[in-house]
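Scrolling down, you'll hit the structures one after another.
Both complexes shown next keep chain A, but they swap its partner, so chain B is in the first and chain C is in the second.
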Partner chain A sequence: MHTFLYRTNSLLTFVASVLVVLCILASITDYFHRDSAVVAVDIVQVDRFQVSQAGNDEAFLAFNISADLRSVFTWNTKQLFVFLAVEYATPENAVNQVSVWDRIIERREDALIALPRVQNKYRLVDQGRNMRGRDLNLTMYWNAMPKSGRIYTGQKTLTGYRLPDTYS
Partner chain B sequence: MIGYVKDAVRDVHTYFKTLNVRQLISQAISLGLIVSSALMIWKGLMVVTGSESPVVVVLSGSMEPGFRRGDILFLHMSNAPIRAGEIVVFNIDGRDIPIVHRVIRVHEKAETGEVEVLTKGDNNFGDDRPLYAQGQMWLNRKHVMGRAVGYLPYVGIVTILMTDYPYVKIILIGALGLLVITSKD
Partner chain C sequence: MDYEGQRLSEQIMQWLIIVAAVIGFLAGYITSSYRLMLEIYTGGMVLAFLLAVPDWPYFNWHKLSWLPEQPPSEDEAAASSSTLAVQKSKQGKRSSKGKR
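On to the complex of A and B.
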């Protein structure tokens, strides 16, 4: 009844249950957290706009990205994965989302972003030739990866961007 | 400590000396109960989450520093469309081990509603096309097993140990078996 193994087993079981409850509690505090994120993104310039070798429209853009995501951090936030997606609809595709820039932010102090001119980090290529004169939305997403518990995403969409009618 | 080990050894010894059929059956049943309740919890989770594997252990460092080797992820598979930024677990034809990476690009067909997505590990330089099957450019819904919704650190480290060092598995199963037969209700 009271062997070493038996006691070890009940101790480990107890420790595990306490940890699980603590993790759930930590995640619940996240749930009630409200942030006041500030995001301002703009397309500064269309560097190049052409048909790629594979025959799809491809744009090279320069963005102005500034954001203050310090309020997103809670005591249970391990890191934010922040990315900027170009979103548009074409006759072929109801939804197109292309991530053009991203960054991992591990500390609250680093969540103040001010980048005056960044070129797209990943290629902005369409599935076809539907990008001329296309209206775009820019959405900033921040995926909060916790120390433990729920993973969640916040976002802010900015509308009213448009690609040129001709290639350059 | 040594005293306890001696106790345990003596327990096992007396167990085999006083072995009788009734006791053996009762222990077989309690072992069966443990196994079947574990199976029930697992299958129950499958139904609730809609994912064929509700919990996965992170096996690679490609999502560091967010997820490290040995952390576990809870998956959920709803009918909601797959969108950029979600962390998905997917299977590639011809590969045994599922991969946990982030969706960085989504194209959803207007006519059929089918999605074509591209993934990337946060800690990798390039996207996942080299990991996909030969000539495969996109993942479709059928490849995706679930999206990660919850995270616990370190819990899966035992799994990592067991895959890296097979004898750990033998020791662990042996110790658990010993515990079951020496515990007298």
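On to the complex of A and C.
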């Protein structure tokens, strides 16, 4: 502590150590956060439902997505990655999960989502020809990426959707 | 900066930074703004730098009082000349080794 540079070095080292403690404390506060997310998704219309050239069932759907994820944001949240997955079971695969829509939300104000008609952003293709009359679940997932700490994943599963019995 | 000044400097630095961290954390959490926490903390760091790092007069309130300079006695003079002689002989050995 006897020269200018020694004192500067000592100050910066201490600042860095305390900053680590601050980050840890901030990430601990996230652990106690409980959100009250609201998610509602409808399949408005089946635009097309056909066998693709490769011989697999493919559906083109239009969704009505409305969600309020503002309560997921905390003071330590950097952004949300939100995606909608179509989930169903077939004789070939017990679990099928297809991501059909996603969005990155960087601000709390943008977490109020209202999309009256949005087509699937990514192709919904089965492995095989098992999608006719198939029951579907739609699950909205969100990864809350913090400024410091670990990523939290939340989800809301909506049930009771069904694909048509015939191609169109 | 004297010894008491060094102690004072370290205490000022650590206390300011800890207080800035506590205030910043509480303010950031209450206003739910991570940015505010970092701003308060950075402000505390700058303040601690300004108050604790330069050699301000208040770090020199406890000057060490050295003994007044004394003329060397005969024994000391003899001792210092003998150490000089030893250093000279060592240097001579080193230079002779270097030549080989």
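Assume the second predicted complex is superposed on the first by the 152 of 168 C-alpha atoms of A that agree within 3 Å, B and C clash if a C-alpha of one lies under 4 Å from a C-alpha of the other, contacts with A are read in each partner's own complex, and residues count from 1 in each chain.
The criterion applied here is as follows: a contact is a pair of C-beta atoms (placed from the backbone, for glycine too) under 8 Å apart; a residue touches a chain by one contact, two chains touch by 3 or more.
Since this is a predicted model, take the numbers as computed values, not measurements.
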So, A:S168: does it touch chain B (first), chain C (second), both, or neither? neither
Let me test your reading of the model: by the given contact rule, A:L22 touches which partner, first (chain B), second (chain C), both or neither? second
Can A:L11 be said to touch chain B (first), chain C (second), both, or neither? second
Just chain B (first), just chain C (second), both, or neither: which does A:S52 touch? neither
Quick check on the superposed pair: does A:K147 touch chain B, chain C, both, or neither? Answer first, second, both or neither. both
Applying the touch criterion given at the start, work out whether A:T157 contacts chain B, chain C, both or neither, answering first, second, both or neither. neither
In the overlay, answer first, second, both or neither for which of chain B and chain C A:Q79 touches. first
Tell me which partner touches more residues of chain A in the superposed arrangement, chain B or chain C. B
Doubly contacted residues of chain A, that is, touched by chain B and again by chain C: 1, 4, 147
Can you check the complex and tell me which residues of chain A touch chain C? 1-2, 4, 7-8, 10-11, 14-15, 18-19, 21-22, 25-26, 29, 74-76, 147
State the interface residues of chain C toward chain A in the complex, per the touch definition above. 1, 6, 9-10, 13-14, 17-18, 21, 24-25, 28-29, 31-34, 37, 41, 45, 48-49, 52-55
Which of the residues in chain A come into contact with chain B in the complex? 1, 3-6, 9, 23, 27, 78-79, 81, 83, 85, 89-99, 102, 104, 106, 122, 127, 141, 143, 145-151, 153
What residues of chain B sit close enough to touch chain A in their complex? 1, 4-5, 7-8, 11, 65-67, 81, 83-87, 102, 104-110, 113, 115-116, 122, 127, 148-153, 175, 178-179, 182-184
